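See the structures that follow.
One chain, chain A, appears in both complexes that follow, with chain B as partner in the first and chain C in the second.
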Partner chain A sequence: MKTIYEFIIKELLQLKRDKKMMAVIFIAPILQLILLGYAANMDVEIIHTAIFDQDKTETSREFIRSFEKSGYFSIDYYAESYDEVTELIDKAKTIVTIVIPKDFEKKLNKRETVSIQTLFEGSDGNKSSIALGYIQAVTNRYSQNIVSDIKDKYGMKLPIAGSLVPEVRVWYNPEMKTRNYMVPGIMGLILMITTLSLMSMAVVREREIGTLEQLIVTPLKSYQLILGKLVPFTIVGFVVMLIVMVIMTQWFGIIIRGSRLFLLFASLLFVLSNLGWGLLISTISKTQNQAMMISVFAVMMPMIYLSGFAFPIDNMPQIVQYITYLIPLRYFITILHGIVLKGTGFSSLWPEALILFVMGVGILTLSALRFSKKIE
Partner chain B sequence: MESLIKIKNLKKKYGELIAVDGVSYEVNKGEMFGLVGPDGAGKTTTMRMLVGLLNPDEGNAEILGHDLLTQKNLIKDEIGYLSQRFSLYGDLSIDENIEFFADIHGVKNFEQRRNELLEFTRLTPFRDRLADKLSGGMKQKLALACTLIHKPKIIFLDEPTTGVDPVSRRDFWKILSNLLKDGVTIFMTTPYLDEAERCSRVALMDKGSIISCDTPKNVKDSMHMQVIEIVCNPVRTAYNMVKASTNYEVQMYGDRLNVAVNNYEQDYPIIKDLFEKNSIVEIDKRIITPSLENVFIHFMNK
Partner chain C sequence: MFHRILAITKKEFKQLKRDKRMLFIVFFFPVVLLAIFGYAINFDVKHIKIAVYDQDKSEYTREYINGLISSEYFELVTYIDSDAEIKKLLDEKIVQAVVVFPNDLSKKLNDKEDVKVQYLVDGVEGNTANVIVNYVNAATINYSLKLTKEYLAVTGKQSYIPINLEPRFWFNPELESTKFLIPGLMGMILIITAVVSVSLSIVREKERGTIEQINVSPLSSFELIIGKTAPHIVISFLNAAIVLLAGYVLFGVVIKGSILLLLLSTFIFLFAVLGLGIFISSVADSQQVAFQAANITALLPSLILSGFIFPIESMPTIIQWVTNITPAKFYVVTLRAILLRGVGLSAFWEQLIYMMIFGIIFIVLATVVDRKAKAA
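Entry: the complex of A and B
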């Protein structure tokens, strides 16, 4: 016991001396969270729009004004020909171009249906589909107004058409901000990157400088060595987690609705599997560079892509979806979203917590066995 | 004489290459034993097997009465090992390095022992300095101090003076002779034959086998030959002539040749004759006692 304690003290002392490493461990996550927190914003706030008004009448101008009034559209260009429209799209000056036909006013006055052409610069599919939604909303409101205007003017009884108006209420993330969804995910990412890469490098470093060999010749047992490495990095992981939590709540104003204690407990379970992976990488690698490359490209990047952090798991092919079940980050992100956004607790998130625990213990045991076998 | 290390037919292969080919010898209590040989002879492999870093393919050894294969943990408590690279934690100070090794060896109240060792290695003034900031010689002494903290009965030193300046080397040897006085048994490997001369017993190792194992004096006597040192000019022509026209073993050292002969009276005239015929000027000659180097090359050529 005392030996392990002394080993931990030594590790922390070494970490403290390594100023660059300290900066990477504690400052990088802060910057990363702040940068990603702002960058990972898929909300469409302003839609740059061009108008090709072929009608140029009072009615068409009124129609255009209704877009301006909505607050989402910024009408940047008025095109005079299709060539101009094409050029605007090619140069990606606008997201959408609305083309109003020549007989717009005439047809409306005759109470005929008018088609409005909308051309999208669709390279960012997500943005276009959001813009499309807004356009439909504005157009719908405009046609309803026309109908009621006609009613008012002529006092006519129009055929009763049942109309359904959905009243949308968004739960858990009422402002529908991507940031609220992304930031907890980034928290999981940072915890993984810190603990996994630290662990993978720590053991390899001892091998590189030759002290590992020196330790093998002493009566130090391999479990003491492993625990001596695990505990300090778990501590580091927790400190990073606390820092990130403070930034999330204080800087981004994202409230943690659920239990902070459960959040920390889940983090501990998650850290187990990261340290296990790190230890496994260190049994494969000969140098710190190798360890770094393997942990980044072979372990962490696939985990990030398959965790549901970047792309929704539901959109993945079935076979890939099965693979995501093996990714600890997937469960941790589910837990994070649950606790932070929904305020759900252990009662509904225990299966994920259990899986994290089983995975963590499994991979740790496996790599610890591999490690001890290798040094004996 | 009590033998602390009994090596029995140790063998280690790396694929096709036989690094250590079934060697057997014993190391006695309180002696400084030198395993001598060129790079690649199998010295380090032998040592790594003895300290438990490598498993032998065949054979076994008994160290301090414990079986190497089955009682590794008992052995670990009582030996110290200094690897070729003086592996230390560069970001810890001298004091902290020693303290750490004391802790993992379970040495309680190590402070006094540490002070002794620092005094002994004359590192006391630098005790707060980080290991990375030490010179090669100081690193070597610190590494030695770390291996001595738990008062091992045997210390294994793998080429301890390779890459160390001559002054530090002399210091280091002084420390080693003090350790011998304290009754510590030293098993070292070295590629330097002048260092081997200082050992109480040596084993000459080449290509995985032991050529000879005895005191340096006995090893030299076992050659049963005389060595004539001839200073001559041009020395390279002389070397080539002797090599081509006679069966004598000849080595060139700067401006002189060492020729190993069976009988000076009989063989010297032949060499002299050869020199005269080829107009080589003999400047000086004398009979010298064979050095370990002469012996080593003699045995290697056999």
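Entry: the complex of A and C
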């Protein structure tokens, strides 16, 4: 027991002495979470719009104003020809260009239907379809106003049939802010990257510098060696988690609705599985360079893309969805979203916690076995 | 001078060639990742899982539900019979939305009155929720239109729709997000391989002490840097070609613009990225620190700040400034212009200039730091 304790102290001292490393480990997460938390925003707040008004009448201007008034559109350009429209779209200056035909006013006065062309720079499919939703809303309202104006003016009775009115209520995140969803996910990412990259280089570094030989000839047993490496990094991971939690609640004002204790417990499980992966990488790589490439390409990138942090797992093809079951971050993010946004507790999140635990213990045992075999 | 550079380049090449595992990772993983992620990442919300709480159980509600699930956008998971079940279904992510029909629905519709259809949507993923809200609104309005038309057909009256929208999506008529995301993915894979391999190759010499030998040799630090970087430029360039080819074969990302321009911009991008790698190597003393620094400057920024997933114009102004720390931002804009829109140099030449400036700044910084270190 005493030997392990002393070894852990030695590792902690070594970590503490490396000032650059300490700065990178503890300051980077703060900066990253703040920066990325602001950046990770898919809300389409302003739709950059160009107008090609061929009619130039009072009515067409009124139509344009209805877009401006809605608050979602910023009319950046007025095009005078189709060539200009093409250029604006080619250079991706606008998301949408609205083309008002020459006979706009005339047709409306005659009570005919006018077709309005809306040209989207469609390369961002997501943004375009959201923009289309807003444009439909504005034109529908405009149409309704015209119809009711006619009714008022002429006292005409337009036929009315009963209709269904959608009444949509959004739960958990009523403003549908992507930030509330992203910040917990980024927390998970940062925790994963810090612990994994530390651990994956830990053992291979000693081997590369040649100090591993010295450790092996000491009376330390291999499990003691592993514990001595694991404990300091677990502490580091835990502190990082505390830091990012404080930033999430204090800086971004995202309230943790569920139990904080459970959140910390789950992050401990998650850190364990990361350290397990790290140790495994450390035992299979010969150089730090290899360790780094393997951890980035074989572990971090899949974790980032397949965890559902930004790309919904529901949208993925079935085969890829099966692969996501192997990703620890997937479970951790489900737990994070559950506790932070929904306020759900252990009763509905225990399966995820259990899987994290099993994965963590499994991968740690596997890599510890590999490691001790390698030493002997 | 040239023979000295050539000598160091040859040495670096030999070292790279000998590390078979490394070469395997560098060339094999990007393609595998591109293949998996290309299929996995998209924002195309389809098969929205819904539950129905039908208190009316009439011909109307059956027809409405059939309309929903006959499209590929909705998938009926279950019928429920009480309010209490709603919370459980949404809490545990079993469904994404619940439709509630009031029990007086058919009565009101028969009396030609409006009825509310309630939707409860899981808002945790703001973006998906937004799309779901658009869909359910559109579906309900369409159904109402159908009712109105049927009613009008019976009574023989006419309705008036003043404005008809004609949306047209350029470059991406199906509004798929995959093709939009693939350039970002390519940029990210390239930046990581390049930054990591260059920074580590120089820091390794520092860590092992072989840099001292180089310092006392007639090599100047400029020659050392050029000699060390040249092989990585070749490898990164090959890598870029493979990734582009994979993008074409797997996802049909056709190069709509000029291949020559594409190669030129990739070259400039690699120059910028290698500048960053060289800078990291001048600051870091150990590979561990270099790895963390590469994570902070290359991995997450190229994911989150590059405009690859999150539109830059949705970010706060300060963060928009900060996005300039990643050359991936400029490369993503360039790639999208060339690959998706097929436009010429006039649409994106600024991006190339930015990347060049970026590279020059970091190489100058690196030389300054390096001189200081040597003087000390």
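Quick notes on this structure:
In this text, the second predicted complex is superposed on the first by the 371 of 376 C-alpha atoms of A that agree within 3 Å, B and C clash if a C-alpha of one lies under 4 Å from a C-alpha of the other, contacts with A are read in each partner's own complex, and residues count from 1 in each chain.
Simple rule for what comes next: a contact is a pair of C-beta atoms (placed from the backbone, for glycine too) under 8 Å apart; a residue touches a chain by one contact, two chains touch by 3 or more.
All values reported here derive from a predicted model rather than from experimental measurement.
Superposition of the two structures on chain A shows chain C fitting alongside chain B with no clash. Legend: residue contacts after superposition of the two complexes on their common chain; A:Arg17 is shown touching chain B, with no touch to chain C. Counting the residues of chain A that each partner touches, chain B and chain C differ, and the larger count belongs to C.
Judged by the touch definition given at the top, the superposed model places A:Lys229 against neither chain B nor chain C.
Shared-chain residue A:Asp124: touches chain C; no touch with chain B.
When the shared chain is aligned, chain B and chain C each come close enough to touch A:Ile209.
In the superposition on chain A, A:Arg330 makes contact with neither chain B nor chain C.
Touch criterion met: A:Ala28 reaches chain C, while chain B stays clear of it. Minimum C-alpha separation, chain B to chain C, in the superposed model: 12 Å.
Common to the chain B and chain C contact sets on chain A are residues 18, 209. By the touch rule above, chain A contacts chain B in their complex via residues 2-3, 6-7, 10, 13-14, 17-18, 209-211, 213-220.
Residues of chain A that touch chain C in their complex: 18, 20-21, 24-25, 28, 31-32, 35-36, 38-46, 48, 89-92, 108, 111, 113-130, 132-133, 135-136, 139-140, 142-143, 146-147, 150, 158-181, 186, 189-190, 193-194, 197-198, 201, 205, 208-209, 285-290, 292-294, 296-298, 300-302, 304-306, 310-312, 314-317, 320, 323, 334, 337, 341-342, 344, 348. Listing the residues of chain B that touch chain A in their complex gives 51-53, 73, 76-77, 79, 81, 83, 85, 87-92, 96, 100-101, 103-106, 130, 146.
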